[in-house]
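Note that chain A is present in both complexes that follow, paired respectively with chain B and with chain C.
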Partner chain A sequence: MGRFKLRPILLKVGEEKMKQKKIKQEWLWAYVFIAPMVIGTLIFGIIPILYSAALSLMRWDGLGEKAFIGLSNFINLMKEDKFRYEIRNTLVYTVAVVPVTLLLSLGVANLLNKGLKATGFFRVIYFLPNIVMPVAVAMVWRFLLNSKVGLVNIFLKAIHLPTPGWISDPKYIMAALVIISVWSGVGYNAVIILAGLQGISLSLYESARLDGAGNIQTFWKITVPLLSPTLFFLLTMSIMNSMRVFDIIYTFIGKADQGGPIIDSSRTLVFGIYEQAFKFLNMGNASAEAMVLFAMIAIITIIQFKFQDKWVFYD
Partner chain B sequence: MKRKAKELLTLSMAAMLALSGCGGAAGESDTSEKAEKTEATEDNAAKKSSDGKTVINFYYWDEGQKEGMDELVSLFEASQDEVVVESTIVPWGEYWTKLQTALPTGTGPDVFWMNMYAPDYINADLLLDLTDDLDAAGVDMSKYPESVTSMYVKDDKIYGVPKDYDGMALYYNKAIFDEMNVEYPQAGWTWDDLLQAAQKLTNESHYGIVARSDGNTGYQNFAFQNDGSFVDADGMPTVNGKEITEALQFEHDLMYKYKVAPTGTELLEFAADDMFISGQAAMITSGSWSIQTYVDALGADCQIAELPEKVKQGATTHGLAYCVASNSSNKEAAVKFVEFAATKEAQEVTAKAAIPAYEGAAESWLTLYPEQDVQILLDSVDYASPNPYYANHHSEAAQVLTDTISAIWVDENADIQAMLDEAQEKMTETVNKE
Partner chain C sequence: MGQKKRILRDKTISYLVLSIGAVIMLAPFLWMILTSFKTYAETVKIPIQWLPAEWNLDNYREVLVKLDFVRYYGNTILVTVVTTVLMLFIGSISAFAFARMNFPFKNFLFYMLLTVFMVPAQMTMIPKYLIITKLKWVDSLKGLVIPNLFSVYTMFMLRQFFASLPKDVEDAGKIDGCSYFRLYWNIEMPLCKSSIVAITVLNILWCWNDLLWPLIATSSDKMRVLSVAMATLQGQHGTQYHLLMAAGVLAIIPMLIIYIFGQRYFIEGIAFTGVKG
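Right, the complex of A and B next:
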């Protein structure tokens, strides 16, 4: 009996094998196609992160031998005043820059969406700061904010307001950095919000108006919910970018022969990482600090994702 | 004051344009460097050019000295027919990162410029001991200023051949002295003479002097004049000595007691050099590298005098050297090039942008500024001391002092001795840590 049944079974096995082979082949091609991306992420993303995590447990001057020292780097960090300033400044900067930038961008995007003449022109104007090199931005603002000859203080003086030393007074330096960052960030955010606004169907507004809804009501009940995925994206990205701010601060205050109060009031975590790694050649300390920053950003981002279903509305 | 301020703004704008120009140039050399890098990794072993000559790689950072370096290379290549030099400008911003990563892995240059960071590289065994080769080639190290050669010597072994050095002087704006009818600064001036002149020169449109907050051009010179020393023979910090406190107090008094110099807060808003070249300050202490900027802006009004004295003459100097990588695959050729660069004629052709280290090779540099007495800058090296170098964690320890000085400069009521005591303690801790 078995003999008679053997053939169909064999056939089946053969078919199965062919099928599996085909599936295998398809998988193979899938791997081939994602390989460049995976290899790229590995080499430029995952491996450096793991390497940095390993370095955070070592003492290494970047030139000589590495030595494993456990958590000493982290313990040393906790003892440093500078590290506390860095955490404080990074958080203050983020808390100030992100909401102000997003609110202003929302306002600007709404104005641009009103169908003014020359919308395209204004869109370009608002976007311009975003494509200027941060170094140039910092240099120009150093002149604008100069306490004696800067335009900002000349204007403030004309309207009888106090004229602080924006770039020389430790109390105001952070305010100056926030102003610059908001100015350079609004354009990019506004353009993305504008794209979101233009994706909202006009018929929704029409029917709301027919039902008697006012401007404020349509804004909160239609615009914001439909815009919430865009806002969520921008919020997450802005927080991450603000936590990692470096270039503007370095070019604005990071002169080689400078230190003391003015730097302490403006140094951020990445500024500290740079200083430890490339000025002091303490790769271990720098990596430990990078790990702290990584953890902070990770926690904040996880919290954001946890709360997103409370307010983010996907179609 | 307002008119000056406007001038200052224009100046700064010009500086900004110049800077953005530099940025572009740096970008360009960046790509060339990358090209170089791939090439270097391809054949890591001894490189031969197509005609069988040995190729060595030479790194330096100053675009401004390209002309001199190119001339040096072509002179060297003409002097023999076995070695070819491929030079690369790695911009300052990435020079040290590049050396740090490339030298230990053997993908770095064979010959390169080195500065006061040399001890870090000597300790990590990355620099080749040149003592015997230089001796065999008959290079006379006494022909170079001792304050420069000593930067590259450890345990009586020589790790670098001096290239150039900085001179230090008191620059003054003759027009302001004439306007205020004050006698020009002279050799043998004391701190008191300086203070009196500064007082006479100060009015509402200009200060007498700039009290600079950085070590090289500023407080170190005053400390050396008062016989102070920042570091002992073992490389341990000694920054809270009475001599240093007095020197800093003198500069602090110029700013806050006599009000003849811009305050530290003002210096955060306006660069010291800009204040001098815009006529907002009559005198400034600076190095030989500043002369071109100053003379370009002020012409013959910019004059040079010796730094003032306290208990002795004193100045800071710093010199660059050519070094060879200890793991170079072309040591022999590299040493040959460095020995050539050490000769008087080689140093003469590189003299345009910096004072050459070889005794008497500075003739062509001297002729560049006929209206100024630049010999003063050259001679300052005779009484100058090198920048302090702390035995361990140098940059981190130095940053503690920089932080302290910056804090003193912006604080009218600074208790200088107490702040230096604190710095001393923290620096000792930094140098002693593993």
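Right, the complex of A and C next:
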């Protein structure tokens, strides 16, 4: 009798074991699949972050002995004019590029959203600078902004406007860098804003119009709130990217000799990190500067997220 | 009638403004192309000389052969292809595991990866350089490629796509006794082909255009890539505009071709990741 009852129980135990085995197998395969990503990120992400933090407290030329010097690197940085210029330039650049780019993109996206036949064509053209190597962008603009033979000044002269030395006058070099960045950034932002605009239901506009709302009113009361998650995303990303600007700066001044008012007026934080680490082989100072950059980006991002419920509207 | 007139006027103004903008967007490229065919004297002539007197490829020949751009081209293509292929594989297979499989510490590992993603790459570049120096990877393909293969961004985006696929596809696969790898490779990957193309196009673009890492990871010109070669050229021949512009055109062309044929993926990919991100 016992035998007959035992069979189903044994079967069940077997099934349970099979299931266990299957789960174990799933775990094993999952670990195999994520292993390259996790190990790679550990070696080239997590360890470098910690190492960077440690290096910021040391004096080291990259070859000899490391010496722990506490916060001296940070104190040295504060004393250096270069570092002050870098902070100033990075902030000026960001404060100029981000709002100008966003406002222009908002305008372009609105025009592109009017249902014109050539919308696709314009979208492709405005987006074009985005696929071009920033080094090449900086190169062609350096030529265009040349004070004598550059196309920009030839054009300005023809319409009797002043023709500044965009890249030879320290007062204008930052303006030149801002112009270049706005030119390359408008298309990208406009494409994303356009996608956001196209997600807004037309019936909202119609009912607003029936209620007698004007163009400006619908823009502020309907378009901006419904677009606010997109705008928030773009704002956060643009600030982050602007704080880390490097390629165009390096193309402009990277190979120039040290010092000089032009370089002082255009050097940014990432340029400073690069210079400290790979020109002066001062890994401690460079890492300290990297920590400062990271802290600045983190603080600005946290502030943005803190204030987002004041104006960002998620449905 | 008044309504129609207003719409017409509105459209005309829109076209006008957009066209002026388009000219500003295109003019630098046209000027670049025109200049690349000129002689040095023609580039600095006052008053301006709009068109080259003679259309020939002398500048291109000089850039490609004398300034060694053939090699930089080869290097850039090699680095871009190897990086993007491996990046996609590593990113997508981990994305699959995070979206479709269960295992201990899944959330912990996922958020750990995301945290790393939040830290700007400039923070890690010095230790990364020290690591590749230790490994003797400076000036090698390995040094240019391997530290950049682990794209948390790619993984994160693809995880979203995998997670949005219907679950019964997977169940059907399991019943058939499919292995997990076949489930990933044969069933789920083909289902998100367009997302994969979009993300790969972005990765290609990023890899081709990147300056900072190759600048750090190479010191000789053996493995030099185009971006570094161009920045160097700008430093050494800063006023040789005819050569600089020819080099610029050469560096842009491959991305331009991909853009022209795949602009739908570029723009939609970017719009999608932007809105979703």
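One rule holds for everything that comes next: the second predicted complex is superposed on the first by the 268 of 315 C-alpha atoms of A that agree within 3 Å, B and C clash if a C-alpha of one lies under 4 Å from a C-alpha of the other, contacts with A are read in each partner's own complex, and residues count from 1 in each chain.
Rule of thumb we're sticking to: a residue touches a chain if its C-beta (ideal position, glycine included) is under 8 Å from a C-beta of that chain, and two chains touch if they have at least 3 such contacts.
The structure presented is a predicted model; accordingly, all values stated were derived computationally and were not measured.
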Superposition on chain A - do chain B and chain C clash or fit: clash
Which partner reaches more residues of chain A (counting touched residues only), chain B or chain C: C
Touched partner set for A:233, first chain B, second chain C, both or neither: second
Chain B versus chain C as contact partner of A:64, first or second or both or neither: first
Partner chain(s) touched by A:294 [first = chain B, second = chain C, both, neither]: second
Partner chain in contact with A:136 - chain B first, chain C second, else both or neither: both
Partner chain(s) touched by A:88 [first = chain B, second = chain C, both, neither]: neither
Partner chain in contact with A:147 - chain B first, chain C second, else both or neither: first
Clash-bearing segment of chain C, relative to chain B, as chosen among 40-48, 112-120, 166-174 or 184-192: 40-48
Common interface residues of chain A - those touching chain B in one complex and chain C in the other: 62, 133, 135-136, 139-140, 143, 148-149, 278
Chain C-touching residues of chain A, taken from the complex the two chains share: 23, 26-27, 29-31, 33-34, 36-38, 40-41, 43-49, 51-52, 55, 62, 108, 111-112, 114, 116, 118, 122-144, 148-149, 151, 154, 183, 187-188, 191-192, 194-196, 199, 230, 233-234, 240, 244, 246-247, 250-251, 254-256, 270, 273-274, 277-278, 283, 286-287, 290-291, 293-294, 297
Contact set on chain A toward chain B in their complex: 59, 61-64, 133, 135-136, 139-140, 143, 146-149, 165, 167-169, 257-264, 275, 278-282
Complex interface listing, chain B residues touching chain A: 5-6, 8-9, 12-13, 16, 19-20, 23, 96-97, 100-101, 103-104, 120-121, 123-124, 126, 213-216, 265-266, 268-270, 393, 395-396, 399, 402-407, 409-410, 434
Complex interface listing, chain C residues touching chain A: 10-11, 14-15, 17-18, 21-22, 24-29, 31-32, 35, 43-46, 48, 90-91, 93-94, 96-98, 101-104, 106, 109, 112-113, 116, 119-120, 122-131, 146-150, 152, 155, 179-181, 184, 205, 208-209, 211-212, 215-216, 226-227, 230-232, 234-236, 238, 241, 244-245, 247-248, 251-252, 255-256, 258-259, 263, 266-267, 270-272, 274-275, 277
